[in-house]
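In what follows, subunit A forms one complex with subunit B and a second complex with subunit C.
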Partner chain A sequence: MSKVVFHTIAKFLLLMLGVSLVTFVLVSLSPIDPVQANVGQAAYLNMSEAKRAQLAHYWGSGIPLWERYGSWLGDLLRGDMGMSLRYNAPVVEVIATRAVNSLALMGSAWVISGVLGFVLGITAGLWQNSIFDRLVKGYCFVLASVPTFWLGLIILMVFAVYLGWFPVGFSVPLGMSAADVGLGDALHHMALPALTLSVVGVANIALHTREKTVDVLESDYIRFACSRGLSRKQALLHHGLRNIALPALTLQCASLAEIFGGSVLVEEVFSYPGLGQAAVTAGLGGDVALLAGIALVSAALVFAGNMIANLIYGFIDVRMSLSQPCLANEGEKASHQLKSSISRDGRPQDGEVS
Partner chain B sequence: MSDKNSLSHSQSHTDQEFHHHHLHASNSHHEHGAHLLQVEHLSVAFEMYDEDASFFQAKKRMVNVISDVNIAVHAGEIVAVVGASGSGKSLLADTILGIYEPNAQVSGTIWYEGIEQDARSLSQLRGHGISLVPQGVASLDPLMCVGKQVEGFGHPQSTRQARKKRRRELFSRYGLEESVAALYPHQLSGGMARRILLCCALMDDPRLIVADEPTPGLDLELAEQALSDFRDFANQGGGVMLITHDIELALHVADRVAVFYEGSIVEETAVSAFSSPELLEHEYSRALWHALPEHDFVGEAHISA
Partner chain C sequence: MILHEAKRGRIANRRVCLAAVIGALVALVVLVVFGCVVYDQATLTHFDQKNLPPSLEHPFGTDWMGRDMFLRTAAGLSTSVLLGVVAALVSAVLAFILGALAALGGKRVDALVSWSIDLMMGIPHIVLLILISYALGKGFWGVAVGIALTHWPSLARVIRAEILQCKASLYVGVARALGQSRWRIALTHMFPYVLPQFIVGLILLFPHAILHEAAVTFLGFGLPPEQPAIGVILSEAMTYLSSGMWWLAVFPGLALVAVVLLFDCAGSSLRKLVDPKRNQE
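Here is the complex of A and B:
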């Protein structure tokens, strides 16, 4: 058990190291000059040489990649994620305020798409080839091939511009002081981006769940349950749900990455001040500390999602649970012995040949 | 067949007399004057695309998988349906249990205890009179402990307590420890799985058991035990339709044998008829007789030479 924990931690640290390194390398390769990008073209042209040099020093341009990465990594190990030059605030602070918005958005989209996808998938699978099934399949195929930002634009046009039911953007009403913003306002602003994200997320889960439902309904154990007097629906309820939930849960936990990626686009379309939008700003502005911070947080989130999927597997699928480690160990030992006996047999044979 | 007819026909023939396409064995009897199960002119066809035509021109056509099957099971006997793998035997089991694929076309008549059945009433008999004993552990839900599965969900009118009590009785009768109830299917040994599947069927108190290849994968000792369990069930007045590809096994335990060949039952006869090939009507049955190890075992060699 402790071996598993150790492995997981080691993997996590390696992942963090890799993600941050890639972020730094990509930013250093980026053609964007942070000084120009942040000051603006006109201001930069009218700027004195001394001012330019001062700004270049502030943005750290000209310092070699390894030196920057080394000092950032050193700070990180001491618990300091650095300053966001673009927002002129500590990276931790910027991420914390934006993560609240993003997590609310992604969380609701994640739950809605998961539940809706699961229900649609099971219903479609149960009545395979019915009109309902065809509608669900058609819906999923269309959505799976629609770009998220385009769908966001359409939803924005229909519900915010033409119908006027929802605000066009931002997470709070314009011109309202933060203290006056109620939960209702926040939800009202979150509705459209959350809708866009969930509608896109449904397709994947629904199609996979449908396929698994069809498989399970054709299985021997459902046939046997039916032969004992259960209807197909009852058999699916008693013997199918757990078996179908397995792939759905894996997908659902793995889909965190996709939802995160989708949220970057959706937050841009809806001007929603979340992590995704901050990532775009940081990337375009050469704010490497903030970008690396966001990359770390999102990688950690996806890592956590996959790890949770692994843990849930153990609870749901008794065949994989750790409650019978003796069996697994015996198997390992047996194969080990087999290998060693083969190598022992191998040597004298070699001797004979030579 | 009307009830009146069936009442009279039990008196109208003796054991060795040919009636309803079959010969009786010594312990075949007509309880309440009717067969426990009687199937007449049963055909199952599937709508399929013509395989000979090219992909875009293929028309749908009906393909007969089972054609004109007649078979009867009496109370107190084991009837073995013997045929090669893939000849449609399992489909016969499904059809008797009223489990149809959506593209199947079924015709024929099935009587259960002298009453003519339709698709609806057959499906109501599943688990309430006719029970299936499937082939193996794959027929158990892999994620549910077996005790709960044996107790089942098909009888909402009986309380959980009552079902649990019945399950305990069955477990002790078949030498399964109470701790087995908490195991999952993948933890069962072959012999345990077989008894669990039998317990599943017996839990529902059937009159007729349809056993679909219940012995492959079991060693001889376990297979014999399985068959003696079916024998006990038949001796207590139940009927068993044992579907198998193993003619030796069938002759060993069954009272009567129905030879299944190319989707049809070519001969339905008492086991005693297999004592000599002259007593067998159909050429395929005789080929089966020759294929038995204690006989000349050259039937095929003769044909190929």
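Here is the complex of A and C:
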């Protein structure tokens, strides 16, 4: 067991190192001058030479890549992720405040899409080829082709602009002090972005659960249960549910990367102040430290999702942890197999559709 | 009466699939050609005809500069399709090379390729696209290179697995025992084995590439605002939503969905045709 833990930690550290290095190299390659990008063309032209030099120093241009990366890495080991130059605050602080918003949004979308997709998939599989089944399948295929941000725009237009049921954006009412914001206000503002993310996320899990349900219903043990006098529905609920739920849960854990990607777009559409919006702002404004911080946090999130998926697989399916000493790898393969079994069904691979 | 007599009067499934593939591809080519032809017209401004709702003359309405949204959408889609096709091709070739290297290049190469696949898949796709696009100074090349460099991992995994499976198969073993050279085995046995998967994977990359292009452009990291692109159109539309100009967002988005569905239809029909495990359905 300790070997597995050690292996996982080593893998995580290597991944973090890789991600941060890729981020730094990419950002330093950029021809975009952060000073010009932030000050604006007109102001930059009218600026005095001394002021320009001061700003260039502030944005850290001119220092070689390795020196910057080295000092950043050293600080990171001490828990300091540097200063966000756009928000004029420590990166840790910016990420922490925004992560609360983002995690609430992604968490609710994750749960809603998981539960809804699972129920839809089971129902569709149970009554295979019925009208309901065709509706669910059609919905999933179309949804895989719909860009998340466009769906967000349409939902925003219908529910916020025309019907006026929900606010147009942000996470709290405008002009209200932070202390007065209640949970109701926050939920009211989160509803539309969460709805958009959930609607998109349902497709993957519903299709997978449907396939799995059809497989399970054809299995010998369900046939045996039916021959003992149980109805198909009873047999499925008593004997099949566990077999269907586990891979679905694993798949949902492994889909965190897609949900994060979707949240970047959705937050931008709804002006929701989360990590995704901060990533876009940092990218447009050349805020290296914040961009690197968010890349790290998102990669860590994805890693955690995959790790949980592996753990669930290892714990529940004893065959997996007995036959292979290194369960981390196996779970990954299994969840990949799940994915490829879906993609074999005519859906694009890795399901992340924006 | 023979109970298990085959149903007559139905068109053969394979023919339906073939028709779907050809139909979808023809529709896409027509769209691209039409978009290129009307490209100049799409950027023409008519300030006497601005903000018009959809009508017979302007099926998708006009925007705040009096540009015809139908022509703009067509031109934007053809740019997106062309960019998506080129980027997906590059990405697929990368996937093929890396997948083959991992499967045939020995343990160390395999570990390296597998680790970079994990690394690429460990960062959310959009974040990676933002980073690459930023590194190249945004614009056309930012988004094109970004899409080409980020779409290979899943296909590379498939190719690697297919080649490994082929490598372990009996007939490759026989060929090796008969003393055929490695190159000959790779060319005559492995290449034809993975080719169908590769082509299907390539076509199924297109919808992804197009959707990501639109998304990255929408966020402001892709094509510049003066070009007719779906992402640009939709991000402009966002600022006009509250003034009730619904047509700016609805029709271009629907057109994008239609194009992506066409690619998806072509890819999955082709898969049914070439995949030996499924082509009897």
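The rule is simple: the second predicted complex is superposed on the first by the 318 of 354 C-alpha atoms of A that agree within 3 Å, B and C clash if a C-alpha of one lies under 4 Å from a C-alpha of the other, contacts with A are read in each partner's own complex, and residues count from 1 in each chain.
To be clear about the criterion, a residue touches a chain if its C-beta (ideal position, glycine included) is under 8 Å from a C-beta of that chain, and two chains touch if they have at least 3 such contacts.
Since the structure is predicted, the reported quantities are computational estimates derived from the model, not experimental observations.
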- If you stack the two complexes on chain A, which partner ends up touching A:Gly261: first (subunit B), second (subunit C), both, or neither? second
- Task: Give one of first, second, both or neither to describe whether A:Ala10 is in contact with subunit B, with subunit C, with both, or with none.
- Result: neither
- For A:Leu284, select first, second, both or neither according to whether it touches subunit B, subunit C, the two together, or no partner. second
- Query: Touch check for A:Ile294: first (subunit B), second (subunit C), both, or neither?
  - Reply: second
- Query: More residues of subunit A in touch with subunit C or with subunit B?
  - Reply: C
- Message: On the A-aligned overlay, A:Ala225 touches which partner chain: subunit B = first, subunit C = second, or both, or neither?
- Response: first
- Task: Identify the partner contact of A:Ser30: answer first if only subunit B is touched, second if only subunit C is, both if each is, neither if none is.
- Result: second
- Query: Once bound in the complex, which stretches of subunit A touch subunit C?
  - Reply: 14-15, 18-19, 22-23, 25-27, 29-32, 141-142, 144-150, 153-154, 156-157, 161, 168, 257-258, 260-261, 264-265, 268-269, 276, 279-280, 283-284, 286, 291, 294-295, 298-299, 302-303, 336, 340, 343-344, 346-350, 352-354
- Residues of subunit A touching subunit B in the complex: 219-221, 223-230, 234, 238-239, 242-243, 316-319
- Message: Give the list of subunit C residues in touch with subunit A in this complex.
- Response: 115, 118-119, 121-127, 130-138, 153-155, 157-158, 201, 204-205, 207-208, 211-212, 214-215, 218-221, 234, 237-238, 241-242, 244, 246, 249-250, 253, 256-257, 260-261, 264, 267-268, 271, 278
- Spell out the residues on subunit B that touch subunit A in their complex, using ranges where they run on. 94, 97, 99, 124, 126-128, 131-132, 134-135, 138-144, 152-155, 184, 186, 200, 204
